[in-house]
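Heads up, there are several structures right after this.
One chain, subunit A, links the two complexes that follow: it is found with subunit B in the first and with subunit C in the second.
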Partner chain A sequence: MRYSIQTSTRFSRVSLALAVAMVFMLALLPAYASRGLLQDMFFILTMLTLAQFWNLLAGYGGLLSIGQQAFVGVGGYAMFALVILHGWDPLAAVAVAGCAALLVSIPMGFFSFRLHGAYFAIGTWVLAEVLRLLVAQFKALGGGTGTSLPRAATRNLWGADWVKEVFDVKSAAARDILAYWLALALAAAAIAGIYYLLRSKQGLALSAVRDNAEVARSVGVNAHRLKWQIFLASAFGTGITGALIYLQKARISPDAAFSVTDWTAYIIFIVVIGGIGTIEGPILGVLVFYLLQSLLADYGSWYLLSLGVAGITVMLFAPRGLWGLISDRTGVQCFPIRRLLVQHSNKTGENSVRNHH
Partner chain B sequence: MRAPMLKVDRLCKSFNSLKVSNSVSFSVSQGEALGIIGPNGAGKSTLFNLITGNLRPDSGRIELMDMGDVTGMPPMQRCIAGVGRSFQIPQPFDELTVFENLLVAAAHGRGLSEHDACDKCGEILEQTELMTVANQRAGGLRLLQRKRLELARAMATGPKLLLLDEIAGGLTECESASLVATIRAIHKGGATLIWIEHVLHALNSVVERLMVLDFGRVIGIGAPFDMMNSEAVKTVYLGIEA
Partner chain C sequence: MNYLDTVVQGVLLGGLYALFAAGLSLVFGIMRLVNLAHGDLIVLAAYLLLITASVLGLSPFVAAAAVAPLMFGIGWLLQRHVLGRTLGADILPPLLVTFGLSIALQNALLQGFSADSRRLNSGALATASIDLGPVSVGVLPLLTFASAIVVIIALNQLFYRTELGRAFRATSDDADTARLMGIQPQRIFSGATAIAMLVVTIAALYLGTRANFDPSIGPARLIYAFEAVIIGGLGSLWGTLAGGITIGLAQTIGAAINPEWQILSGHIAFLLVLLLKPRGLFPRAFD
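== the complex of A and B ==
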């Protein structure tokens, strides 16, 4: 073995350790935090997960979807259907809701992969609208006005008794704690999973396809299969997150669950402002988004306007987002995917990295 | 007689009313090096695109050793089946490093894990004199290095049949000489080669046969010396190289 590949840097190993420690610390948050803070954290974490999956599609796969609300809505409604119509425990229903979104994404993929660029974007949006209209016909789930989760179901979530006992809280607060933990686990799993994918052979191919799809095919990359894989994965992840969001809200309606503003426009804002095509970007973006929202939410349309202005400013002056600015200045990367060739010198047994990037 | 590596049979391709391949037939045997010459617009690059599957022919057949008829097979599968190519205008994956350009080709073209592909890529980088820029962004390379990267990436896919499209074009005399030496070594190593080139003395120092294309038609195929002295070729090539 004369050569090997090196991906991590010392900085990235430290930051990875910190990230793991951070997740554990966040897991302990319910012991200290108020219910309001937990709800805000739930919002941040679920938006982060949605942003990571949109970034996987658009930032890595070049698939500019503006129909992510389809999967949020299908996930949410699938969970409601299982709970209300079949009496499932909502937590079990959340997991299965991801599969429902996955199923819906298969025909959606067949349709929208026939379209390219802007047409793909509009195609996904139209399909999401169609789903919204279909769901509104469903009388058993409240039709156009929507419905709520039965109190009995939300009170007796798996593990709720244990949480009530340990943290000494009422059942509504226990539900928030459980939902927060799930959101944390989901965000951590999404980031870990996407990072794992990018570090794999398929991730390398994804970067090649992003640079030049035709040439990528000519060197043996199955660009079509890759596109499907990330489309399905992102539908599944978005569906689970949608179900979790509506478990916490405990009330759903077609207009809210299939809202293009809430589940796609805001998500695009988060990814673009943070830095598209990076894992760090959406993390930074969601914090900026949360800050702007808490500062400006009382100003109604001014809030939306300032989001728009902020988004356009970043796109014009820092097209690679805030994280792009930071990593250009400092050269740091928390989640590196660069593969460096390392040559092992036979004589000394020492390793040498040539021409550090 | 060596077994044929590639057999092209009456291949036709038109762009609108322009016949770019007009019933092209030829075959290349295993381990052979075939040169292709012809004026600009003769349909040389198009012929490569037909062989690699980047373009579909209007009619005709392409057969590959081991694989049989591959006429309808997409480029990805043809690459895996052993067809490697360079592009006339270098098209590196800009955002990847030189090494990563090779790595993606070796991992997917040969179906290896990155770990297993690594040594192979290292060897090719040495052979194509790209080791010093291995960890640099491919988008920042100079022309000679881009041409070398085209060659290196094609080799990384583990081709049985290597197609090179004007790989020495646009280089200085000295640069092209060193590149040609690399290509000669690759051919000596047993690779079957089809090589499009305008730099005739470079080409003739490597290939065993020469095929001449003009207006999408094969107007001659044979030993380089015979081809260069044939009347048909002289008419076509008048003014291109004395």
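== the complex of A and C ==
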């Protein structure tokens, strides 16, 4: 008898190939799609990336953050500062903005990790508020009212000339195409990176901590260090995404960039409705979220009211979200992270799966 | 700047924050549940007071007598049918459900009452003040502070002097063993949330009579309450009052230096305490 450990199934290999093909097809979208569709896709992809990073924290790390807006805001403002005060190209500034969010997350983590369990959540929220109030004091970037990116900077983005020539569009549309590509690359990289992490040894340790912290510690898992690592990774990814969002918006203010509704509440609903603790959940959730928004956006507060009620209903009656319902019925997993112990019987050549874990 | 006046105002403001925090602290102490909708429930109670007072033509202080049992019932039902289902080893479900509740409540209030600022009309009381030698103190802030002290004494008496309080403490220590002794934890939890809603009604009364309110201000009240609880140390209601006073003082002193710094100074005081005394000034519980 021989045993081996498998982390993929035939279905997951097919879906991985489909996912790669899908990314390539989406990359070609600017050749066909209208500007409005590209902007909608940009919105979907950036919300998806934010949702994946929040899900990494809450769904896998058990760290419920209500302060994701801190990283979106710091990312956006760092990009604006580099462009306006130092004359950087906005695309270069987007990459560095992620590092700014990473830097800010170190003191943030230092304070929030002093608070345990549920109080961690409100702690991150307080820190995001502190950052909002501090940024509003920063007069060079417009203080409390905010500021806009200079038109010269957004018109001459790196690669904009090439895009203008190839797709025969004006500079505003070229900026949308570049932002869309970056959003696509970022979403794909976030999903691939998180998928890779969860299938690695660290991922196994992370789910061990989530399932039983004491037992995990007894087999040598350093839960504290793991939590720090995903906190920092999530800050970096959220910061870059925030910078990209504000590159596309080209206008920033403290209240918008540090909005708990836009950058944390929506994200929480996307993940909870789609299915917390899975990679598929946020993907499904962001599509549901986009549909709801298209249908209900004109009804103002009814929209958020129904999102809140939907979130409560899902948590009470289907805590693993829509993807959990689908997965339970069909057994399908596009991005499996479980390890399957497969028994190879020498004589018959039949394989049988022994254990799920 | 009149230093003494600033300090007195800050201390009295702390009474309001202690009232915000007492309900949060009570619920956390008994069932380890952090209710992220706590601030929005205070705002909801303020709107209920506003309706009752204006429809029946009553003073908000009289209206509170009618709203309190209503909030008590809301608390009981909320715990029984929503929050109770989420309690368990995993901390995410109660947080996510109460966060959803917070967003839903804010927007329901926005739909029902619009974003306009409202205020509870307390008549002559709103402007009345008492001259205390060097400082003149508003009657409303003084009443708020006195109410905070009365609420804390009442809750402490309830906890440590009554059979119900003993059941509260037993369930808090070990719900399973308490069940063996004939206590029904679910009823205890519903009772605790219902009592917290009575405190929320009192907090709403002073929130609404002292300043304007609108549907969006709930989360900020939750944050002040949370800061007061953490500064005071988990499990101590007098500590929570000290925490509220710390935030109130920091805010009034900050505002006296620069009006833009009012809220920020409160948060910074909180972060300083977290840095120097991570378990709060008067810690009692481990959690």
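In the analysis below, the second predicted complex is superposed on the first by the 339 of 357 C-alpha atoms of A that agree within 3 Å, B and C clash if a C-alpha of one lies under 4 Å from a C-alpha of the other, contacts with A are read in each partner's own complex, and residues count from 1 in each chain.
The rule is short, and it goes like this: a residue touches a chain if its C-beta (ideal position, glycine included) is under 8 Å from a C-beta of that chain, and two chains touch if they have at least 3 such contacts.
Only a predicted model underlies this, so the values are computations on that prediction, with no experimental measurement involved.
Looking at the shared chain after the overlay, A:315 reaches subunit C, while subunit B stays out of its contact range. Note on subunit A: of its two partners subunit C and subunit B, the one contacting more of its residues is C. Of the two partner chains, subunit B is the only one touched by A:5; subunit C is not. Contact with neither subunit B nor subunit C is seen for A:326 once the two complexes are overlaid on the shared chain. Using the contact criterion defined above for the overlaid structures, shared-chain residue A:141 touches neither subunit B nor subunit C, since it reaches no partner. In the superposition on chain A, A:240 makes contact with neither subunit B nor subunit C. In the superposition on chain A, A:78 contacts neither subunit B nor subunit C. Contacts of A:125 after superposition: subunit C is touched, whereas subunit B is not reached. When the two structures are aligned on the shared chain, A:179 is found in touch with neither subunit B nor subunit C.
In the superposition on chain A, A:26 makes contact with neither subunit B nor subunit C. Taken together, the two structures place no residue of subunit A in contact with subunit B in one case and with subunit C in the other.
Of all residues in subunit B, those touching subunit A in their complex are 52, 54, 74-76, 79-80, 85, 87, 91, 93-97, 99-101, 103-105, 107-111, 113-115, 118-119, 121-122, 125, 131-137, 153, 156-157. Only residues 28, 32-34, 36, 82, 85-86, 91-97, 99-108, 110-111, 219, 222-223, 226-227, 230, 260, 263-264, 267-268, 270-271, 274-275, 278, 287 of subunit C touch subunit A when the two sit together in their complex. The part of subunit A that touches subunit B in the complex is made up of residues 1-5, 201, 204-205, 207-208, 210-212, 214-223, 338-341, 343, 353-357.
Subunit A makes touch with subunit C in their complex at residues 58, 62, 64, 66, 111, 114-119, 121-123, 125-127, 129-130, 133-134, 136-137, 260-261, 265, 268-269, 272, 276, 300-305, 307-309, 311-312, 315-316, 319.
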